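Please see the structure below; I have some questions.
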């Protein structure tokens, strides 16, 4: 059973992700943010329920749709906004942007613009944990589209063969860009299972379902039980990236899935959340808004990286040129 | 003749070639998507016209896409595969480098491998370190592949037509920052043979060899310099492999000065390659050091501010060409 | 039920593979052949039973251990020996050698020195068959080690999504080079199955078992039923390549698996082969020896490729230089 | 001091570094195999000494190997990953090019990525088109990777030690045809800094820059020519990225003649790169065209006869150096 303090944290993180994204979405639509951005909306429960089972020492490897993972793993909104605006004080000094946010102090090994590239990297972090016997685990977030990439299969197999403390957290939102996923529910989990690890398919809109699955997977990993796969089913709320008009989707599909599966609403309606006070939640909401507004102001007024920054950090001991 | 964009020229060429030859298929991620035609709309309308049997949406599995295109080419089709961004070469290079490129040689000349791979290259669109690379030098180094990079809509049509009809594997590099550039393009089918450079403008003082988007920059620089009385010859090789050495050498023999502009990272680039060709074969014509402008030896930064520093600029080209003209 | 003529063909092809390899093995040990060579011994039933279900118009993509597949698909021993000796008259003009033998006239799309590279290519051939609606099927042979490569997973998935007329023929000999395969029997088939295709695990030393599995897979493919996976279990008789002393294997393991699973012996002992006459078989054996000796003589006395050959066939319309 | 082979030097260095630093692990296909130590015996004995937790045999999944090495490096280990043949880059390039090479830059300098990738390169062993390539030019073009190619046992030890201790990703290219070359190598630990060329022999008439196995060929040619009274300076850059431009330029300023010998395919090669550096930065010192010897723009043929034509030869080097000396 989760304590109230934990439930508040769960709410707060989900809401923070939601508000963060809605806000940057509005900014993006006004042309104020560069690059591609991908909305995590409707998937918030997955990142938050997973990461609540992790410490800062545990690792995650994220995807192109990474904002939710970052926030759930503890990256600050301010750091992220500075990076989304590609400012010099950004967490990647503006060189990474939305699709490459990383924060080693939080065990966040990076969003990734190459679909399917995260799992081998997460396997490496799990190998570190296994080698150093530090009890840490490593999580790879993987889209349904990404699950087809050969690299993901390779990572699944390596995790089994080396018995790595690792979780494959699939987020099945049925779409890869503009193309509908032809896989039946549970297929991705089954596939991972066939590599020889326990696997389960759950409702990704249900915080508690994800939390329970994550908890036992993380425990298994910490106890030397090896890798686990979790497939979480969710709808995709917005287009693939901001600006995608989704002509390829039926209006009804979008509408009904939006209505039916708001993870925050579902969370609040769950009897297990009964103990949360309206007041407290309102306070949190206000705090969140403030956090984002302050962060955004800071980000907009921060300085651009200088010409010299183009050449730094290519190598440790000398510059690119 | 109507002015159309590079995007439209490619789209029309795909329509034309698919209508002309039943064995041409299009395969890739989101290529069949209705109303969108891929992320940048290049394949719009193809699936409506030719159906899902010939315009094939695939899972996100580039090795399978490129490999299947290779296998299909060996057995009688003429696949046009899309590698959405050239940056994704990393997940499918083997099928291109060790399979498709080598089939004909390894198999003693008993096969043809008519694959066209369309792919997007280049920075300037704020797409960050993993979606903005040039990477064609890597392909040029691989025997068995032909590499094409059009800088305008006319060339795009003629070269893509040739690519699809060519019996060898061709990688067709589309710079995402110039998709909307307009030019007059005939409606009729035509091909531009590979290995023939285009003289973008004539000049006597300095030769500039430039590739893809950099051709546009070089042209701008040349215009500016011409107003200062400096006469620049701009050459667009159009095909990187095979490379039209002859036209380059001929031009350098006239001007004695060479500047190469390539958006790729500097080392082992096309800039290096062209320089080395001239330093070997037109050495005595040279009146000044061979100069190169490339992006730096750094990844492409996400920051638009840094990205603008990253991409070679028209003023850099002007400065160096001016400097060369003063030798 | 197989007719006698078919059973004779099965015997002949298996025996031809066996004798071909034993002969070139002896030559190789004397230093008379260049490059790496990999022995197919003990796996003969797989190639032969599979390819007996195919015509010259059907396709196969082979592996580094490709001699058996070539012979079973109809490449002539003479062509192959010329190529193994890298002669100008070789089927690849000496440019391919043992690991790259291909013969388009037989639908043999090439041995391959890149582990796992064949299946995407075979998928492409299946796509041709599907597009041209010519009723052909395409087979990828895949080692147990190769089955882990991401490319193989990608091909499995593509075959399912596009419903390709394709067979994934796994040859599980428990080893990848010097490393023992940790997979339980049937795991590879299960994995393919999890991608959404029918799959089966059989004894690869038993010609009849392979034949039956292959037959129904090929039928399914021809009839538009899509891809099938077959995992055939066999021992590895010799080292990974010629020259591998196999220090990593127990003597007993090698000995017992050799004794227990000679596919030719098993074939001849099967009641279904009762109708084959000893005499006829002896004649075949003699023929085979002669074929190989003649081929070898021809290969040794054939001419080396000339300097000019280095530059031909890089491109169709101009030479490399 | 004992003479040992390149193979032994690498093996001893791995033993030494693993003993010295607990965070060094070795990971790859067959690297732990008892009694064999991989296909060419380079990792022999490591698993006996350091156990299967630090010497890790993997499935045949190069993307997972290289990617896991990258992830492990980000989180505190110093992995030495083996990519059995560099030809297999095709199935794992993304993890190297888009991930490992770019981590530090993309992540704003907040990480180090101390990965060493050992890999075999080169023709001359009859291994055919898919097991004999050089391919390092492709790596040199990628910002964020360091590329090393030793030509003797002494350098192999010093450079590999540096590679393992280096905080950046390093690809260490071992030419399979020179594993048995002997040299005196100290038992003690030592490092050779990257970016410092070795002057193989001094000379005044012609500079030869050569890489990997070609250094041995150039040295042979230089000996021969010296008996003819032609004085050749041979430079082995040892590290291809970073490249020691200075030593090359200095030498060309002395000799005025440059020949570059690279076993890679010709286009966008190290030969092109070095040529272009000199044509830009030492142009006025040049007394003759810059010449290059590379393998041809063809795959590596399986036939030993053709392979012998394919690989640059000592006599080709002699001929061109002689020609240059006559200018």
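Residue numbering begins at 1 within each chain, and the chains themselves are lettered A, B, C and D in the order written.
Here is the rule we go by: contacts are C-beta pairs under 8 Å (C-beta built on N, C-alpha and C of every residue); 3 or more make two chains touch, one makes a residue touch a chain.
All values derive from a computational prediction rather than experimental measurement.
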C-D or A-D, whichever has more C-beta pairs in contact: A-D
Farthest chain (mean CA position) relative to chain C: A
Inter-centroid spacing, chain D versus chain C (mean Cα positions, whole Å): 36
Whole-Å gap separating chain B and chain C, where each centre is the average of the chain's CA atoms: 40
Cα-centroid distance, chain A relative to chain C, in whole angstrom: 45
Shared interface positions of chain C, touching two or more other chains: 92, 94-96, 100, 112, 114, 117, 148-151, 154, 157, 161, 314, 320
For chain B, residues that touch 2 or more chains besides their own: 59, 61, 63-64, 87-88, 90-91, 94-95, 98, 105-106, 129-130, 143-144, 296-299, 301-302
Category of the chain touch graph - line, ring, star, complete, other: complete
In the complex with chain D, residue positions of chain A that touch it: 59, 61, 90-96, 100, 102-104, 109-110, 112, 114, 117, 119-132, 138, 150-151, 154-155, 157-158, 161-162, 312-318, 320
Interface residues, chain B side, partner chain D - complex: 63, 87-91, 93-98, 101-102, 105-106, 129-130, 137-138, 140-144, 241, 243, 264-265, 267-273, 275-276, 278-281, 283-284, 286, 288-292, 296-299, 301-302
Residue ranges of chain B in contact with chain C within the complex: 25, 27, 53-54, 56, 58-59, 61, 63-77, 79, 94-95, 98-99, 103-112, 143-144, 146, 166-168, 195, 242
Complex contact set, residues of chain D against chain C: 29-30, 33-36, 39, 57, 59-61, 63-64, 87-88, 90-91, 126-131, 296-299, 301-306, 309-310
Contact footprint of chain B on chain A as seen in their complex: 34-36, 86-87, 92, 94-100, 112-116, 145-146, 148-151, 176-179, 244-245, 247-248, 304-305, 307, 309-311, 314, 320-321
